[in-house]
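This is the structure, below, for whatever I ask next.
Per-chain numbering from 1; labels A, B, C and D assigned in written order.
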Amino acid sequence: MMELVKTGADNHEMVINMGPQHPSTHGVLRLELVLDGELIKEVRPNIGYLHRCFEKYAEELQDYAKVIPYTDRMDYVSAMNQEHGYVIAIERLLELEVPERVEYARVILVELQRIASHLLGIGAFGLDLGAFSPFLYLFTEREKILDIFEKNSGARLLYNYFAVAGLMRPLQDDFKGDVADFVTSFRPKIKELEDLLSYNRIFVKRTANIGVLPAKVALNYAASGPVLRGSGVAWDLRKNDPYSIYDRFDFDIPVGTGEMGTVGDCWDRYHVRVLEMEQSLRIIEQALEGMPDEGDVMAAIPKRIRPKDGELYVRTESPRGELGYFISSDKSAAPFRIKARAPSFVHLSMLPAISKGALIADVVAIVGSIDIVLGEVDR
Amino acid sequence: MNETLSSMPFLPALLLHAAIPLTIILVYALVAIWAERKVAGFIQDRLGPMRVGGWHGWAQSIADLLKLIQKEDIIPADASRFWFKFAPFMMFAASYAAFAVIPFSSGYIGSMVNIGVFYLLAVTSVLTLSVIMGGWASNNKWSLLGAMRSAAQMVSYEVPTIATVLTVVLVAGSLNLMEITELQSGNDTLGFLPNWLIFQNPFLITAFIMFFISILAESHRVPFDLPESESELVAGYQTEYSGMRWAMFMLAEYADMLLLSLLGATLFFGGWNSPFGDFLAGPFWGFFWFMLKGLVLVFVMMWIRWTLPRYRVDQLMAICWNILIPLSFVNLVLAALWEMIF
Amino acid sequence: MDLAAILFYVFALVTIGSAAVVVFSRNIVHAAFSLMFTLMGVAALYVLLYADFLAATQLLVYVGGILILILFGVMLTSQGYTLNFREATVNVVPAGLLSVAAAILLIYAFSTGGWVITEVDERTDTVYDLGMMLMTDYLLVFIVAGVLLLVAIIGAIVMSTRLSVNTED
Amino acid sequence: MVQAVKNSWATFKSIFTGMGITGRHLVGPTVTLQYPEERATLPKNARARLFVNMDDCIGCTLCAKACPVNCIDIETVPTTADVDLGKTSTGNPKRFWLTRFNIDMAKCMYCDLCVHPCPTNCIYMEQEYEYSEYDRSNLLYKFSQLSPVEVDDVKAKAEAEAIQKQKEKEEKARQKAEEARLKKEQEAAEKARAADDGTGAVPAADAAKAAGTAAPDAADAARVAGTAAKPAPGSPSKQDDTQNPSKGEA
């Protein structure tokens, strides 16, 4: 009748497949759960269902600019951030100067994208735990961000908007007004989210003290982004290794404090994201102030991008953590080698460590709280 | 109506008796499934189904039903065929049978047995078994997990349900739901309030809260919808079901929800009694008031469902065994003391 | 033959038939599910005897409680429900002898016993009578049974708390 | 005990707060569009479907080269001398017949990369977003304005012209070779005469060198003519439109 584990010593263990088609694995992830009743004895993530050979394909494309739309498709929830890291890498390879207006516009877009990504992550997390309505409330807000993106870039999800040393299309005239409107309308929604979800006792019960990731373990696994900050480590590349123009802005790094349970539990990871949205709003406000109204959106760049011999690693803070691009150039039109360091992949690797001894329902909470995107895990 | 029925020949009377609750359940289920989606839609700033039937998609459930009837009846290859086919019918039969003792109006009750409440609880306990049966027979691990959760949950929550119902029975002094309802007619509590039991004894208010929590769990509603929690167990014991058999499960779920809400309305809110004394009273209006009270409770259940996350299975059990069961028994004793003193 | 008699035979058949399935089924879960019909059939027979309270108790306790516990036990103990019983058991001869002896005894008792046939007492309120009896004639038995159950509950709590349960809640 | 009561109270309070919020949304306005009846107005920037204005296309194939997924397939035939295709609206002269301009929208990933290199801005993204098809092959958009007959005609003409050109080239090369041969013969005769004289040794060596270089020249010219002629007979086999030749995918 049921498959009993032959490998384990105890024959009351049960192996069950969670995914690849499961509502709360956030894509095509397959988790092999070894269960004792509902207790998790072991989790074995199986990945690769969404593998699209990003790295190999980038080397085959014969053009650095052609790779940009492919970076969108890694973490499709935060495509702007993926492009940002990549164009920064190319700009550094070519030693290009980026116009001021573009830098500001990029920061605004990237921070908006961070909010959009967190909205999706938080909403889906609530959905995993059974709260359906917050998901749709947050999606309403996300739609507003996507409207701004669509107005300027033309697309809603996979933008291909950042070009080397510029933007693919000029910004619309009312860009600043749209963003300012969004910022004012979004603040009360964070409060509503806190009331509806964050401090809901059932939600707290489901997330506090669950999947505790101590700071030391997080560092050992090379965690980054909200997952690391949730464990109480104030590490944010925008502050610790500033790129673009992030050194000009004043913002805080929210960290997990163990307000509802232990430092580094699911609730902390979740709440760091909520607080980060607030900080992103602050950055956007400052950027709106500093952004020049006039100016080019495209610097003069060589027609054919042929960087000189060399290699470099550029890391940026994507909504999920440290997104790094390693590019090795051999003077040709195509990169000799591109390697993308995907935070989701790194974070997924610690799932077995933190979900041992949890219940099935906790695995759902843990997977939701580390907020992986399978497009990025598999690339 | 009961008088008319008793004067009829046996078999037609029997069929009519059987048909009345069935009609109510079927109509209610169609409306409730549509209403559930509309409530969900409005809560989430959407509109819900809008396309079938004109005004606000009122015919959506009918269209769904027609679709489900036509669908292929898929039975997994390694399923235990007989029990797999049997479980949905048994589940529906159990919740349908329980309607026999619900006093729909002053003129109609299916069976005037003296052990009404007790019979109702006994029959609904069969629901648990059909859930296990469906989950086990599907030969799917997720289904089995859902079935086990469901069994544990329903067996546990039966205890606080029975304890709170017992509190009402103690105050009312009868197990017959019709008698309990008749006891609550009139409008003289504190001069203006209806004589509903919930206003009669302060411990019945706490009893109602506990009763409501228990029936949420008994009818698998959020935050206690663990047996079918779609984001964890996919759909729990219903995973392998499709078409008409799945529809039977849904029908039984919704019937169960109505049944327990109506039980709550009978026990605590005066059943078919009008809230305005003699105004708008009588058998027909009695039915109207009774269904209204039940549906308000159903609506609150829907509202809760679209607001809250769900508990984890061990927390669910902890709530039951650590809080509800002791509290409901303490409440029972206190209510009894109150009755003795006043 | 009136309706009650027809119903009696129907329910008796259901009871005996499903009991046979319980005994002869090779799959222990099928056996457990069949037991449900047996218990329900018995409950129906109680109803025919005007013992409605007893019938409801039968449903509530046996079908809603004990049978589910049996299923739990069957499903949660390792391999229990995958095990198919062998049709020919080793003790077939002693078991056969014992059953034949029991059958002879029963038939003897049935045919020689002096059966007193009385009119069916159409009680309308069994609950009241039951309550009265429990609180007067059978009070001691009732209390002893209650104490026994209390002891069992305390024992169960003691046994289950020995496992380190997360008490914080 | 006190803690338990506090916890229960907090739970109830948070549940009621949550129900209050959802209750407000229950009576609040909806945010969705009833799609087939109401449609969102897309911003003028929106990218939904590729479109090519063939009147302006000059057949430069820059878009096809820019496409990362090779969904644009262009085949051009040079115009013959007697045809003038005119100019585009941007003033660029059109020098090619576009015998094939196919875009496979099933492959397109809406990246916008083909739009930017276009010198005449004739390829761009439309706002039309409802173009799903039951048959995938219907998503292969054919923009070429030439009918198959015209395509054959144009190709034949181009081929004829190519052959003509090749012939001219060959003729030229032959003439050149002839001249070289004549020159060589003349020089050889001169050399013989000089040898007879016994004085012209140095110019004779020069002449021999000149003859040696002239011969490879002729061979070269013949080879050039040959390559020019080659594609013409090969092209008809490529005409199958449904089989999209994916040449860049190697």
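The rule is short, and it goes like this: a residue touches a chain if its C-beta (ideal position, glycine included) is under 8 Å from a C-beta of that chain, and two chains touch if they have at least 3 such contacts.
What you are looking at is a predicted structure, and each value in this text was computed from that prediction instead of being measured.
Comparing the chain pairs A-D and B-D, the larger number of C-beta pairs in contact belongs to A-D. Distance from chain C peaks, on a Cα-centroid basis, for D. Here A is the chain whose Cα centre lies closest to the centre of all protein Cα atoms. Inter-chain centre distance (chain A to chain D, centres taken as mean C-alpha positions): 37 Å. Work out the mean CA point of chain C and of chain D, and you get 84 Å between them.
In terms of their C-alpha centroids, the spacing between chain A and chain C amounts to 59 Å. Centre to centre, using the average C-alpha position, chain B and chain D are separated by 68 Å. Residues of chain C in contact with at least two other chains: 76.
Among all residues of chain B, those that touch two or more other chains are 43-46, 144, 306-308, 314-315. Residues of chain D in contact with two or more other chains: 15, 18, 21-22, 25, 31.
Residues of chain D that touch chain B in their complex: 4, 8, 15, 18-19, 21-23, 25-32, 34. Against chain A, the residues of chain B that register as touching in their complex are 40, 43-46, 78, 139, 141-142, 144-145, 149, 222-223, 225-226, 229-234, 306-315.
Across the complex, chain B meets chain C through its residues 10, 80, 83, 113-115, 118-119, 121-123, 125-126, 128-129, 132-133, 136, 144, 148, 151-152, 155, 158, 175, 314-315, 318, 322. Partner chain B is touched in their complex by these residues of chain A: 1-3, 14, 16, 22-24, 38, 126-133, 136-137, 140, 196-197, 200, 202-203, 205-206, 359-362, 364.
Remark: chain D residues 7, 10-11, 14-15, 17-18, 21-22, 25, 31, 42-43, 45-47, 66, 68, 109-113, 116, 125 touch chain A in the complex.
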